[in-house]
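Just below sit the structures, each encoded as structure tokens.
One chain, chain A, links the two complexes that follow: it is found with chain B in the first and with chain C in the second.
Now for the complex of A and B:
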């Protein structure tokens, strides 16, 4: 219980810092892969400081409300996760957050932001099956939906769930907005529809979106960690290594693949979910 | 009391059918009738609950049986009349065969087996609540709606008295159906609902309406035929005529799978599962109250009601496999088809089919958690779906369109109706609202019974469900600058229904743990004869409550989070210069260009042209193969 509370408080306070730091590292690594020097590691913090000090320019009065909904529910699902609650509920709350974000950019009625919203929705539809399947996989492996029970099993979940792990890493590319699946909005400047999802957001409201995404990064990587932990110290080390490797794998993928058309994304992700996740699930049920 | 609930709506129907003149008198009559039914219904539910929630009546009812036989022949004559008038002879043939079969059973005295004709338990009470309260709200709504409908569509004949009388007859038949335990009684009411829906769908008298009404008729008659054969078989071979006995025997005797699977087949047709989904989609041509009634409180709920009653006899056999496969498949296919629809009512129709598929799958699994989820799905779905249908009708009357695209920016144009619609949509799929809870329980039950295929259907189906609802939701909240508020011509009677239903949606979300522990868990205990533990733990219920509160306090949090900074409100960015009203922009040649934003429909992926036929063929094949296997295996 005390560790759960410590983790939760750690998440609320340190979450954005870890997320921001990871983004800074990502940018450095990314630049080096492209043979550039890249910004300093702390650059994301400078950016967000600046954003927070700017006046926000909105196009209507419900945008900021919905963006706050996004932030609140991302943090909420993170809190649930680190408190060791039900993992399905964590994903449900995360989906709710996502819907707030989509509604916020759809409300702006600008072509770019609307298009971003529709694409974001397609992305949500694309990764949702795998997200649910991940929770189901944990449930069968640990016989509980509760995160604290899953974290305490003797054998790390990855042993039972290699296929589901791969599927999860696959959809992480969508979640982290990495190429080839950065359709709705991109971290890079070569987005064909201005900024897509966040076109109509600016100043401190945009900063809130950034912060929420940092929280989300930490939460999603926490799920990666959950595949490895088993209540021992080496489990923790394994989890940390797993998290870093997956994170930099995403950066690598980002630099290697060009952006794809949305239907390629849906098709490939759904197929991968069905093959890697489905077969894994089927075998799990058989040996249960 | 039970008799009153069954007979009184028919009496109302008769009165209204005779009261041809529209006016204040008829309106007052309708309000009074609805009031009486709701009060009687609530009184009945409360008294039954106080006296233990279980009761059986009438072991011996020779006279009533004969009367019902006469009623069945009247229905037969009615069907024959319409089939000959519109030259759709197959309906007459279907009807003659089944009525003949039942008549022979009755007159030969083979069906006179001792057993209670009326059976009441907590599940019956839940259904009575849905039928009575939601059904009556729809009747109240229809008073105002039909007035506008007939003034909008002056090309159709005003047959309102007939329409209202059919609505009440429908309610009576539903009450009869849920209270009956004797299969022949149930069959009688089953046929009444089929015929009533046929008459309601054909209300307009336009060619499309007539064709669709016959589609509904033959599909439901086919189900009715299955029902009749099931009765005949169980009477002749098993000497059983009561549903409860059949379910009881079905868990032990292998041969009982034949009547069970035939009844399940009837249930699938009535709840519009694929390949029988066509009739429910066709039912949209009718005025909105009809759709609301068919989709939420009655008709389709009769089908899943029967399936849930059969659940213990479906657990782990081929009949169950048939129901789960068809249900799960329908859930996925219908939710994909819903993506490609822009007509609001059609989206709702596909979503109904899809949700019923999930309920059917829950019933087919036969484990108590699954049945728990199924019953909750019935309740949540009834409330939210009737709300959405009625609201779409109200929006259509004010806006002149029920297309989702035209609802772009509804929150500015018709804020009241838009908020109600948001509540309805949230109730349909969003955490922490109703349907999601049951979907969650269903998922858990599917995993626990190792149904991998169902799990796959469910996860993909949830994703597509998320897509089409959020799409609609985000259309509603789009804000155009300088949009005018439209005149809201929603009548008082309509507001009564809409507001009551939205309050019910939210209340049900807040009180579902009490409903579960007081109504559903005791019922499941009786049904499965085993200890039933709470399906969703208290901790999780608490968290859901917190989420609900979080959504409610969000507007306050915003003030806090934005640090009281003044925002600057500007026009949205359009690439070219916005000409000032968010609707057009100046292009690079200096000309003004109109801009029009639409949602994604992905026609070439999920369109009806692409998906409907393969799904129908696949589901027909599955249905036929599994039925043959089950019946062949048992013989």
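Now for the complex of A and C:
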């Protein structure tokens, strides 16, 4: 219980710092892959500071409230996760947070923003099955939906769930808004609909979105860690290595693949979900 | 910490011949890599701090430039890149050209050259960045007074 509370407090306080650092590292690695020097590692924090110091133009009076809802529910799902609660609940709360974000962009009277919102919904539809399969996989492997039970099993979940792990890493590309699946909004300049989801956000509201995304990054990478931990110290080391390798992999994919059309994304992701996740689950049910 | 550590730019092509646009993009490429100063090409006026305009102003793009400028949140800086953007350049005498960017919006930094070299553009952006800090201070002072 004490570790759970320590983890949760650590998540609330350090979450944005870890998320921001990871983004900074991502940007440097990304630049090096392209043969550039790249920004300093602390660049995301400079950006946030700048955004908090800018004038923020509100296009309506509900937008900021919805963005706050996004932040609150992302943090809430993270708290649930690190407290060791039900993993299904974590994923549902995360989806709710996503809906807040979509509502916020859809509320703005701008075609780019609403198109971003629509694409975000398509993305949610694309990765949601795999998220559910991940939860079910954990349940079959550890016979519990509770995160603390899953974390304490003797054999790390990855042994039972290699396919589901791959599927999860696959949808992480969508969640992290990495090319080829950065349809709704992108961290790069080459964006066909201005900035998509965040077009109409500015100043401190945009900063809140960034902070929420950092929290989300930490939470999603935490789930990666959950595949590896087993209550021992080497489980933790394994989890850390797993997290870093997956994160590096996402950066790599970001630089290698161009953005795809939305139906390619839906088809390929569902296909991968069905093959990797489905077969893994099927075998698991047979042997257990 | 200064807000100038994170200048995000928006680039608008007025009636430029594309020479300066290519140089602007060139300064973001691996050789010059403006991103090492934290510069990001946002393409969204609502996220941008620095407005890079290339090419002169004509009757058709005047409202566009003004629109983009008005959508940018304070503090903001305008950089006119290339001699066309400064005063019309070789197109100055054309029947459709009104003149440089300052015919439409207030310009802070002029980067001459035809085409402006990437080094000059980077220099201009860095000058703009210093100006951002100054404008932010002024903004703070104004907010205090009101």
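Note that in this section the second predicted complex is superposed on the first by the 288 of 288 C-alpha atoms of A that agree within 3 Å, B and C clash if a C-alpha of one lies under 4 Å from a C-alpha of the other, contacts with A are read in each partner's own complex, and residues count from 1 in each chain.
The rule is simple: a contact is a pair of C-beta atoms (placed from the backbone, for glycine too) under 8 Å apart; a residue touches a chain by one contact, two chains touch by 3 or more.
Because the structure is predicted, anything quoted here is derived from the model rather than measured.
Residue contacts after overlaying the shared chain place A:57 against chain B and chain C alike.
Judged by the touch definition given at the top, the superposed model places A:86 against chain B, while chain C stays out of reach.
Of the two partner chains, neither chain B nor chain C is touched by A:178. Using the contact criterion defined above for the overlaid structures, shared-chain residue A:72 touches chain B, although it does not reach chain C. Greater residue coverage of chain A by touch, when chain B is weighed against chain C, goes to B.
By the touch criterion defined above, A:37 lies against chain C but remains apart from chain B after alignment on the C-alpha atoms of chain A. Residue overlap on chain A between the chain B contacts of one complex and the chain C contacts of the other covers 55-57, 194, 199-200. Residues of chain C touching chain A in their complex: 1, 3, 5-6, 8, 28-30, 33, 35-38, 40-44, 46-47, 49, 71, 73-75, 136, 139. Per the touch definition, chain B reaches chain A in the complex via residues 409, 411, 430-432, 436, 440, 443-444, 447, 450, 452, 455-456, 458-460, 462-464, 466-467, 470-471, 473-475, 477-481, 539-540, 543-544, 547, 550-551, 554-555, 557-558, 561-563, 565-575, 582, 595, 597, 599-600, 605.
Those residues of chain A that touch chain B in the complex are listed here as 55-62, 64-66, 68-69, 71-73, 76, 80, 85-86, 88-89, 92-93, 95-96, 99, 102-103, 106-114, 117-118, 121-122, 124-126, 128-129, 132-133, 136, 139-140, 145, 194, 199-200, 204-205, 208, 263, 270, 274, 278, 281-282, 285, 288.
Residues 27, 31, 34-40, 43, 46-47, 49-50, 53-57, 189, 191, 194-195, 198-203, 206 of chain A are the ones that touch chain C when the two sit in their complex.
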